[in-house]
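Below is one structure, written out as structure tokens; the observations come after it.
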Amino acid sequence: MAANKPRTTSFSRNFSAASSTAPQAPGLKHGPNGTMFLSSGIPDLDKILGGGFALGSLVMVMEDPEAPHHMLLLRNFMSQGLVHHQPLIYASSAKDPRGFLGTLPNPMVPKDDKSRVHETEQEKGLRIAWQYKKYFGEHNSESQRDGKSEYCSDFDLRKPLERHFFSGQRIDCVSLKESADLATFQENCSSFLSQTPRDTGNIAGGRIAIQSLCSPQCEFSNKDWEMLSFVRSLKSLVRLSNAVAVITFAPSLVSTAFSKRLQHLADTLVSVKAIPDEDKELAKLLTGYQDMVGLLSVHKVARINTQVPAILEATTFSMKLQKRRSLILECLNQAPVDGSNGTSYASSGSCSGSSKTGGALDF
Amino acid sequence: MANALPSTLLDEALDGKGAAVFSTSPAADGRMILVEDCVETSGAFVVHHLLKRCLSPHSSDVVVFLSFAHPFSHYDRVLRKMGCNLSVQRDNKRLMFLDMLMVERLGRDRGKTSEDVFIALYGEIQKAVEVCLSHEVGQPITVIIDDVSLMEVDANGSSNLVLDFLHYCYSLAAQFGCSLITLNHDDVYSNEDRPGLLLQLEYLADVVIKVEPLATGLATDVHGQLTVSNKGIHDGSGKSRNKVHNFHFRIKDSSVEYFYPGSKT
Amino acid sequence: MAEWICRTLRDGGLEGEHAPALTINDTITCPLGSFVFDHFLSQLSSFIFCQKSQSNGIVLVALSRSPLYYEQLLKSKGFDLVTSSTWFKILDCYTDPLGWRSKLVESGSIRNLSSGSSLAVNICKNVKDLDELLSSILELGRELSGGGKGRFTVAIDSVSALLRHTSVSSVASLVSNLRSHDQVSSLFWLLHLDMHETRGTAALEYMSSMKATIEPMVQSVDGPRGNSENLSLMEQNLRRGKFCVRVKRRNGRVRMMFEEFYVEKSGIKFTPLSSENEMTAQSLVPKVQFNLELSEKERNDRAKVVLPFEHQGNGKTIQIYDGRKSLNDGKAETQPTSVQKVDSNRGEIIYFRDSDDEMPDSDEDPDDDLDI
């Protein structure tokens, strides 16, 4: 682990820059084992997953029925795709799914980019102080350097995505409420994915986002096997194309066996959880409780072309809204005595999980 | 024997000590091996291990691989890192890869029932077996299915159809000495009130390999534990040996380390 | 005892009586039923071979193991396979139980393949049709008995497979038809208990005259799998088991027997159970009127009861029943018994008045002299 640490800490940019074998769109980068990553739209999640979502993988997000955190993940995922001009297909059980596009966040406008880039890199590489991160302000601003979009943007959740991002690529919005079965949508996906086949040299990367697959207002929601069959077909379609599919579902709405089957189907499996409001116990226990909106757990990281499991140093992260704008993920810091003084260096040092986890993937 | 495969704890658990050197086929004499895993710890590496053993230069096995989970490229890359070239083996006709991810394989568009699809699939397997038998004498055949729970999805949830299919595959074992290796997910069935598919498979299997996480969770140096239980009476020497083995493992790209709990520093 | 069962199966049933039927049950924790099945099969085979039994032959319905397997079994027991067809016939429901193969052969995608067995084998191509199965069993039996009045034994391996393909009622009617058929001398089958709902297993138990259940010697305790104790238990359960037999006897009694058996390479070996436990008798005998022993719950409940003198003076009203309350405000208290609650969630003292005419003695508190 120690040996490849220096490399992994900086691989996010240098690695992709060094490899210029394939014609590469800005939204993609090379990962281990011949895989390509596209960004989840959340810089911290990319780091946790070792680079992002692998092309050809199926990502499942297990919802918390009490909190809409899965929407945050979906929004960032979709926005990032639009920023990279990647085609997108979005499906939900809402009547007018296109309305959801209006809620997508806009990339953060950097202030003094160029001067900070180097410093930012270094700071990220060392990953010294999770605790202090908030004091650095917008150090993550690598969104639109040189007028070109970067691999992963920071999104400002308060600003809607600018109009010009919506033009130029294919955006399909599908309502699952009306259709009695998933066959038509499956055809949609299939024709969508045929635009991004694996074997052509032109790799662009497409995104499929399906919100609340098993939501009860859909007619097919009681047909477990039909949904499984859909997910399985989608998985095999995605695997043979250059796209990533993100599906969220609420495990509480389906049987355990069905939920387990879906979890097995997922290449990458993530769950989100709400945290209790104004819980004094938790506030004492967790540093930064005030800014937390929820918890995110990573259960499975895609293992494409490899058999080695990615063992993360931490699997549960707190979701925070930094300055009420951008979504960040942090290792859960259990406060040793109180809050964030003195001791925080040690505790954050042991918790620099996200930067190290890349190493686990990258033997 | 210098270039014989190094025998691992898993091989020993399957065949007894030192047996791996003599019989390289992991599922000799038409055995059925069932691999059970769960969401937390995938058992795919066991399948890779067995596949590699079947295709090793020391055995003459022919493998029929039914993949419901991954495309060929995935296995190809994984096995290549383990020192086994699947593309070459496929060209040598030692590996027959049936990619069940292909849409046309399922034949839904042609209005076939899933039973028709499974019958046709079985026909393909038996045809492969027949071809092998006409080729040379004594080429053992191993049928690998990855994985059964996905097969269930293709059968529209009819576990009976899956069992019928597996029975037919298994019946090849008796007739031609074919072995059967299947992967299934344990946790999918744990909450069912009526025990179904998994229990049937366990009755059918001669060897059950269970892959689980450690009770203490995953760690970077121990990825989980394996429990191998050997139902058959396959001790060639007549000596009694352990039928149940339990050990830990750590998965690497080129191989998997197996060790007894606590024996690793 | 296993021997006793063998003899019963060998001797068959009396004229006009149902044939003795044995169900062999096992579960996945100790999945040794097939070994026991093989044991009975080979024992009966040797009886029949020596013509020591009522039946002239065996019809084996092979569902879960191949004819080839049984061929090997017979061979290992030293029987001559060539002449075996005069007393041993297999109805092969294993090779092509659903007719898939014949369908494929018809369409030309595969060649016809024999089951590879040199034994006399009839292939059944649709196990879902139990009527046809029954008639083919009987036909094979007639062949064995040479068309005469001779009888034969039927062995089904395993009923679990039949139950998967068909319904409980049709399997039950198959079994009952076989049992009542006057040419069937005896009948035995294997059943995996945990694979079916209780309805199915109960039906088959009802249809049988003898039930042999294979139980693990020690029931495993729940615990982590890596636990060495559990591992050795698993190991033990794959090697030996407890053989429990319940026999419905003609005179209306139920005979219970226990044995231990070991699986060895040559077969299985029965030994008398080392420690006979008498717990079985208890479940049959009706409970005595008074109970000398308390169960765990009863003991806990007793401990919770607050005795009347225990809370005197702690602020509560003293609630000793003095016999008058029920008379004064006894609206519903017309029953001969009266119940007084001390504290609903802490247990209670139940007082049964013997009869209505037992009136309270007097106004005097009987515990008047008790001062606490």
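General remarks:
Note that the chains are named A, B and C in the order they appear, and that numbering of residues resets to 1 at the start of each chain.
Assume contacts are C-beta pairs under 8 Å (C-beta built on N, C-alpha and C of every residue); 3 or more make two chains touch, one makes a residue touch a chain.
Here the structure is a predicted model, which is why all the values come from computation and not from measurement.
Taken chain by chain, the contacts run in an open path, each chain touching the next and the two ends left apart. Innermost chain of the displayed assembly, by C-alpha centre distance to the whole-protein C-alpha centre, is B. Rounded to a whole number, the gap between the C-alpha centres of chain A and chain B is 33 angstrom. Chain geometry summary: the mean Cα position of chain A and that of chain C are 54 Å apart.
Considering their complex, residues 1, 33-34, 190, 224-225, 228-229, 232-233, 236-237, 239-240, 255-257, 260-261, 263-265, 269, 299-300, 303-309, 311, 313, 360, 363 of chain A touch chain B. Partner chain B is touched in their complex by these residues of chain C: 28, 31, 65-66, 68-69, 94-98, 100-101, 103-104, 107, 109-111, 113, 115-116, 160, 164-165, 192, 194-195, 197, 224-226, 231-232, 234-235, 238-239, 263, 265.
Chain contact summary for the complex, chain B toward chain C: residues 119-120, 122-124, 126-127, 130, 160, 163-164, 167-168, 171, 174-176, 194-195, 199-200, 202-203, 210, 212, 214-215, 225, 227, 229-231, 233, 235, 238, 240, 242-244, 246, 261.
Interface residues of chain B, counted against chain A in their complex, comprise 39-42, 44-45, 48, 70-71, 73-74, 77-78, 81, 101-103, 149-150, 153-154, 156-157, 185, 187-192, 218-220, 223, 251-253, 256.
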